[in-house]
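Following are the structures in question.
Across the two complexes that follow, chain A remains constant while its partner is chain B and subsequently chain C.
Take a look at the complex of A and B:
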């Protein structure tokens, strides 16, 4: 028999492996890269100069349903601009990168987009946490970024936005409304219209989810509602039974979830299975057909707020919906399709302004000029009037409540939060 | 209402799942001292095997009563094939190599299997729905048990009993014990150790397959990443119970599952710990438990072998 030394070595191997395991637990990114996501956007344009519109969104993994809708909608905008020769002498191309919903990957993508001189604007990302990691990279390069989906207020109004609004980055814009409006809007609907008085608040601790849950809770308490309990889930797991049992025993009559549909769906299902037949309410992050798929039949009656008025019902969106269908994309445009199209179109409008001011050519400092022009962009887009306020936020602050009915989201009420 | 019984059942169910997967880690470790990190993916491929049987082999609308046994067989076939293939082509060539070489191979294999399913299984790029057993939940006192959990509740103890019988009473089982104690002597006594090692991999895969089916039934959907976190948890459970000890794996799994559930349910009520009590902290508490157990019982809850052998 070998001596004692081997025993020690064996134990230390277990120690190394345990450490590896613990480390790997925090590193759960396993999706694969989809770098060849760039698509050719038709060559109907006037030839000459090519301008690339970058896209950064989760194209694989759990959130890909939303991400692919963003990518396709931007692609449609570029194709339309090329076909209609919106900007003389400029052909738009789309370069789509996959961030897998991971801030670190998003930052790498931002660096990559900055390195490509043809990129004059970027649409994306989906997640506020990813947006946070990309802002500085773009701002240093003076490259304009328009997010169709980030709703965390701090991105445009600074971390102390509740006390004093300070815009951190001049190159960052968004067409989506912020959670400073979305959370309270949801609270008003839940308290006044749905008549629920006792809420259990759950979030996933991410920038978006935690921020949204906080603005909801503040307004709900202000209205006189009661918070029966709070919980933070671990987005890497799918067993929420312990939380569901807590919700059931708290006596809450409604659950508010700050987070996204990959967790919200199973969470809703498990809460109902535990015996709490109460609606789960969430923000734009759960407003996806995949939520209904994951939540199953018991998801009927769950609510979500999302940015803007329902695209299907807007007269201004008819053309977009028809064109999207005609283009034959495999994936639906989902919650942010209209906003992504408008974000891309805002970039196209800004490029147009810059080119027109420079005798039909792109200036040398095109990126800085486009960023400057973005501040004053104003046009009638898919989702209504598109323009930005002094923080880079959309001036259109419409929101809509949707409910799950017969296996689909149906709009219930549109409006905005006025304080 | 007192929620403790329900939370204990929640923990028991979660823990049984960990235990089923942990058995594969512990058996392979007990015999070849290899931490088979690809075992979580063997569990995942098992779930996909069961789904394949349901979607592509059985006619539409087959009753789950008939489908479930066939799905189990499909899951086991796929899992065992993957596990035995991994042993033959990835681990056996490295049998004499330093310990770290097969460990790294296992991690690489784990990623490769995930990506293979992601790339080639139709629809696996996002979550896929898993067939469900019809029927409402069952109520026993204040405890609710979901229909999908019944399978896990029955399968885990039954498979444990079968395994115990196999290891204790059959010739191959005794051969496994002998190989675990001392491979060289076992060989001299006429035990075909190569065959025993393959059996250990295959048996672990069978349990992983049962776990994969149970996971699909419990949560209603499966995806290519399902084995990664669960595999790490199961490995933790195996260490907690005493790696190398099959009963330890099951007990470690249940202890880990119950600890996570109770941490989620009750830590927040402890004065001063309200910020550390949510589910996002449950893993931290589970690992604190692991560290405490290993401090006082370095061999794990039931383990004795690690100290004995070598």
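Take a look at the complex of A and C:
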């Protein structure tokens, strides 16, 4: 039989425990979190069925900075959807494939993604030429594709888009604005604001670069500008001295380059080294921190247009930036991070609609239904309102001119297409 | 020894006398003397600690979100040419645009310009003018060719440049009014400068 001292100690212990328990219960009861109902479930997922969001982007090679930013941003969207249980009973996973910026590899990746029945949507690719090679494969399988970065108008409006717009594939969508606006937007800025009247146009002969250079040139000439010369470069080389000399001798007061930063950086450097102290202007393909590294100090004053408004103007983008940082990704989200997140979220929203319309389950023809649902998706995303027009193009058409200043890109002027 | 008998006691199985109670420490003695006070104090401390934690971690009302940048709060769209206006009769190109403030505080247009050399522009109402949230205002714009030599020929995606101000920021923004505006403007330029050799 326990002695009296022990009883006293036990009663004391019980009393203290009761007091602490009461305190703890009070904490639990009163300390309710925000209005989200405490749905935070970490990354544990939304439930039993797994839906895979495919990603196709250059994850290795020269363009990997942009590609890894795309992959990470899609991953962040999937994790967020799982954490918030955005779609009841669905857990999203990401399957990322490396296209190395090559159309043929992209096409193989498209076939692989189609073969995986769990894949209900794909984000990507980066390059318009790669997108071109994937569209038919996805469309045949009724698998929806949302590109955050393809800007060539033909992908959504057909090859004769300047004469008559015809949508070639119902399964293809994009969140980025097209070069039908980006090229003229750049031309207007260069001619009217920067007061440059004589341009030397260079492109890399690829779908994106040549297309963008063409839309720029067309508008520049319409405004009264003069084309001092044109050249094509081989994207497999980094020696552009011959072209740089031609630029110098042409008397141009500006260079427009249709292409991507791995070539644009050295090209800018070599043009200045040849004695032409004139700005190089490009599109979203050169809007990367890597361009500045490659162009060196003489790249100060170079210009790029890119899709969307500057991050600092969009509270939603600020939140994305903070979450991306908190997630601890090694690589920067780069130019297409916000658009990639929104592309992935568009797929998540389409899956949600399909599941909700089918009593909380995925239907047998889920891919076709998700593609169908994508046309009417509408939400406030990282980059603003996300929805698609009859061609699958983003309805939000904003662009910004950036300039290299003090070793970084800084926004100069933004525009909105409201036609 | 059968297998079922009690186990014979070994060295460690013998019952030992209970050890004499250890002398109680002064602290324990004092505790026993003031048990009720100590318990009450502990409970009060626990509740106070809990209360403090609760206060520190209480749900904070979300800080009021900053108003949107003015360019993110408005739409500016091309409506139609303003035929029959005095400006048009005098050789200008008149048209209307609709400015809508979708959200946030009122937005003031402090400057409305067109970017092309060889053209001048006036608007009615003249800047500055303010438009309230969730409302729209029609603006009549008149362009006049001042120098055909310098005027654009047929711009594909012409702009209007607008300086906007709300309580968040002042910013310059371009509005690309689309293909209909481009066609109407080109037509007006053709009429104004058609006979000019450029």
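For the reader, a short list of remarks on this structure follows.
Heads up, the rule we're going with is that the second predicted complex is superposed on the first by the 370 of 419 C-alpha atoms of A that agree within 3 Å, B and C clash if a C-alpha of one lies under 4 Å from a C-alpha of the other, contacts with A are read in each partner's own complex, and residues count from 1 in each chain.
The rule is simple: a residue touches a chain if its C-beta (ideal position, glycine included) is under 8 Å from a C-beta of that chain, and two chains touch if they have at least 3 such contacts.
On a predicted model such as this, the values are computed, not experimentally measured, just so you know.
In the superposed three-chain model, the partner touching more residues of chain A is B, compared with the other of chain B and chain C.
When the two structures are aligned on the shared chain, A:242 is found in touch with chain B, with no touch to chain C. Once the two complexes are laid over each other on the shared chain, residue contacts for A:205 go to chain B alone; chain C is not touched.
Look at A:137: by the touch rule set out above, it reaches neither chain B nor chain C. Of the two partner chains, chain C is the only one touched by A:184; chain B is not. Of the two partner chains, chain C is the only one touched by A:418; chain B is not. Of the two partner chains, chain B is the only one touched by A:232; chain C is not.
Shared-chain residue A:219: touches chain C; no touch with chain B.
Within chain A, the residues touched by chain B in the first complex and by chain C in the second are 22, 24, 30-32. Contact residues on chain B toward chain A in their complex (touch as defined above): 1, 3, 6-7, 10-11, 13-14, 33, 35, 99-100, 103, 111, 114-115, 118-119, 125-127, 129, 137, 144, 146, 219-221, 223, 225-226, 228-229, 232, 235-236, 239, 243, 260-262, 264-265, 278-283, 287, 290, 298, 306-307, 310. Those residues of chain A that touch chain C in the shared complex are 5, 8, 12, 15-16, 19-20, 22-24, 26-27, 30-34, 181, 184-185, 188, 192-193, 218-219, 222-224, 309, 313-315, 384, 397, 413-419.
Within the complex, the chain A residues that touch chain B are 1-2, 6-7, 9-11, 13-14, 17-18, 21-22, 24-25, 28, 30-32, 60-62, 64-65, 204-205, 230-234, 236-243, 245-246, 248-249, 262, 266, 269, 273-275, 290, 293-294, 296.
Of all residues in chain C, those touching chain A in their complex are 32, 35, 38-39, 42-43, 46-47, 49-50, 53-54, 57-59, 65-66, 68-69, 71-72, 75-78, 115-117, 150, 152-159, 171-181.
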